[in-house]
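Working notes, beginning with the structure itself.
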């Protein structure tokens, strides 16, 4: 049974004037324990919205449809009410700007221990011991739990944010651009830490990022999102070596490789507006292999290998 | 914590320098007035004897810089001169009314803080609801009322129905009856109610608005989203994270508004004929008792400076980031 | 994730909201501000047309002392038998002029110092901010009383003093804004191109901080009017200018309370309150609209909604 | 390759930071950019790369060293004498969302440099040519738009067009694509590459070694205010000599999951320029540091092929 499964997840936002923005348009994901899935896409593709929906953290202007299954049980069915008991105890999150994820006037340890107390897992002295353990786990001395966030460097704060996410021993970890704004070396440290933790603790992790190479190196699986839909999912190897969707291939072509020799090509055009209905394939105007049905028919879901899925009219790879 | 103590030290130094600046400004302002301290224009009813005494005390026959030094020295030792009206030392003359003002202002301010903060927090929490709108509009309205006019309105429309006295600090007949401390205290409090209520209402409006927007700013911060992700309830989020963060700017503003409160006290005490520092200043103005005016101004300025220093200290306690 | 990032992640770049809305759109979206503006326009018209619409002159005795409100004198008469409605109409002009010019002095002095201090930074900035620090702690009304009692009672003095008391607030606020704008890349680029400081300030910095300056000016007018009524009430107003503040003072001073003549005090105070409130409504609404930190709240009373899955065929 | 356009020699830039005294953001940096060449200045945040570029533009206080442009010393020129230089040297900024004045139409943004430099003849034509050169064709489509009506990539192109309006000979690009979506980055970098081919000199500041490897002729790696290694791109990427460069290269994520080498992750934090270690600045984090590294401050010395230098005795 999957640690986390998302089935046909949709998110809409109310816009002024009674209009709607269909930010997430039916995505499916599945993760086994110990798997790391990279959720990749350009800004505005709905990747952050999707994981906020999995945590039930969307604003009241949002409406949601679909299922979010944790170990087989749907936690989304009752909205916020059924979500809340699972937050942090079963599914936790590392936010993008660790800089701002901590309350500046409370100690780091206090904020790590907070969910422990809330969930009745530990309190007082036990909570302190557990907090120290958690900090040690991410490579910070446990004595530093009495420090304030501003006394931590950016990298340390991100580590502490990871420790905080692990406090209640969740089975699923969602990480939203955990290394953006960090230096290359610190980024490498954080990625190494996330990989080690998922391996050791059997966590299932969704890593949201715009950086394809990062996913290639840190994740076992990847899902490429475009305009609120999943263009392609599969293992990172499958996506790199045998992409089924032209968007996946073109994203790789647009990414310079340190030792690569192939020409780097940008993708012309811009993503479509999500506040208007899309006809056919949303990527069609930018696609270098678009043909007849792409402009008129929504691409079907196709699969070659088990677990390697795409939404594209092309048969036989991109 | 050493960095912290140097912060406290620097704020203390700043307060000291500011007091010196205030003393100097006080000297300059009153030097700019026509005539010297004892001229007929400014000290009409003064006897020659009294004038000579003042002249000697403040070295008025010497050069201006020397006069300044004498003034600073005399001020530092607590000599603010003598009242032209009573010919008593200014400091002692000021002390009596100050004693009357403090409890009144304190009562009003505490009322405003407790109610304003509560309503501001509730209002931010219930943003957009009827509760929120009501408190914003009532806050705006109270904040916009001229203090002296609100006081007059209370006399017109509240004093009668509530049976509260509208003038002075105590019932003059009570002194002859000598009924004991309890009725006297009640009488004092009754005289205090309307002035304190005026201060309280005006400040209450301001504090509600400030607290609300400060709270709203805090609620938009990322750590609130983190707290929500951690499964905290709304009440826990407010109590553990939003409140303390939103209090930081409020503390400063409350202490900074002391100057405003003192200004308000002048107006209120004038309306209610309440013998506090404000009424004393008002009378000094009408009677052209310059030493008293000068002394009162200095006293009020210094108390604002000290309050600011207190705010700095409190800020230091509340915000761990304050070290630099 | 910051509110802006959230907004950007959700809304495509075409719907960018960075540009500030023009005035009318602001008024349309903020009923509070629109009501305030409407009230102010009415009072401004009264102030401008005062001499033509007031039924009687400001010094014209038309009836008995503290005459009760009646048909020809709907708001009654004051202690000298002058028509209160007429006084109110004449006083509007003086009150508004004091408010506006006082605020203008504060804005000009404070704005200039704020911009210079924030734009150039360094030692000059340090010095100027020290000076404002000292001014900030002076209790405003008390200083006003002292200066007015020394310099004498005139409208001009009141305006100058109001300006001198409040420029510090303005300077502080503008400075911190300018410091932010100064670091924007387009200012850096203009500097790299060799543009003069004056050009950069006028073309790039000032337009950016102008909305904030305007919002603050509006709030400052309210403060100035407040201060004028206070100083007049203490008998330090201009004896020749029948402002609303002086009307309240007059009523109080001439024992309107013991006469029970509420009409000598209620109308001018109400007029002051309404005008100040209108300025505050406009000013705080503008201030809030300019504050991006108020746009998002993570504390929710309502939650996102669940809805049934869309019809697959319809989505195609 | 011709004579260098821009030469930086032994540049030292210090900032006063509170009461801690002076922080040496840049401490003895030398580099040269020739016409038709792209030099990449690579390093982590706080290493002084942006400060170096700003000093080259005379926008940061220079403590010592020389900046030469076309052989002429511009280190101490007054703002009037600097004006002709400012026409030739143009900056391109990182954040396209912040680099355009939100109140300016595209037209105004591109015209502004011409106004500042008092160029009156053929303004319209110059503006159009700049827009076309930046890839915004036809210009009519963009002239009257505000920044919020443009995508990120288009904004950056407007920014580049504004830089090109004065027909400069040298561009300083500070992280020109780091805020852009991956799909449009290649377009902007390709544009800079085309401009380089047209004969402009380009100094690109970046933290992304993959980008530098792909587009630059030479790479200078900075660490704590110093250049620790420099050389032709192929040399620095293919045969890195300094342990810092080696570590940096080893952690660059590669698009192919099978390409991963053994990352040599350095422990500790990004170094702070306010706290510079003695001896070799890198020694506290260096995997091969010896005793002498604690005391001896190494200088750039030839290593490997011609034109390749590294500041490490073990290179």
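Labels for the chains are A, B, C and D, by order of writing; each one numbers its residues from 1.
Quick note on the criterion: contacts are C-beta pairs under 8 Å (C-beta built on N, C-alpha and C of every residue); 3 or more make two chains touch, one makes a residue touch a chain.
Small disclaimer: the values here were computed from a predicted structure and weren't measured.
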Chain whose averaged C-alpha position falls nearest the assembly-wide average: C
Centroid distance [mean C-alpha coordinates] between chain D and chain C, Å: 47
Between chain B and chain C, centroid-to-centroid distance (C-alpha), Å: 23
Chain B and chain D: spacing of chain centres that average the CA atoms, whole Å: 56
Residues of chain C engaged with two or more neighbouring chains: 1-2, 13-14, 296, 300
Multi-chain contact sites of chain D, meaning residues that touch two or more partners: 151-152
Sequence positions of chain B contacting 2 or more other chains: 221-222, 225, 227-228
Chain pairs that touch, as defined at the top of this document: A-B, A-C, A-D, B-C, C-D
For the chain D and chain A complex, residues of the former touching the latter: 44-45, 151-153, 181-190, 207, 209-211, 213-215, 237-238, 247-249, 251-260, 263, 265-267, 269-270
Touch list for chain A against partner chain C, complex: 8, 10, 12-13, 21, 23, 25-26, 43-44, 48-49, 53, 56, 58-66, 76-80, 95-97, 100, 176, 270-271, 273-275, 297-298
Of chain C, residues touching chain D in the complex: 13-14, 16-20, 184-186, 188-195, 199, 203-204, 207-208
In the complex, chain A residues that touch chain D: 42-43, 153-156, 183-189, 192, 210-214, 216-218, 236-237, 240-241, 250-252, 254-260, 264-268, 270
For the chain C and chain B complex, residues of the former touching the latter: 1-3, 133-134, 136-143, 145-147, 149-151, 222, 226, 229-230, 233-236, 245, 248, 251-252, 257, 262, 265-266, 268-269, 272-274, 276-277, 280-281, 284, 288, 291, 293-301
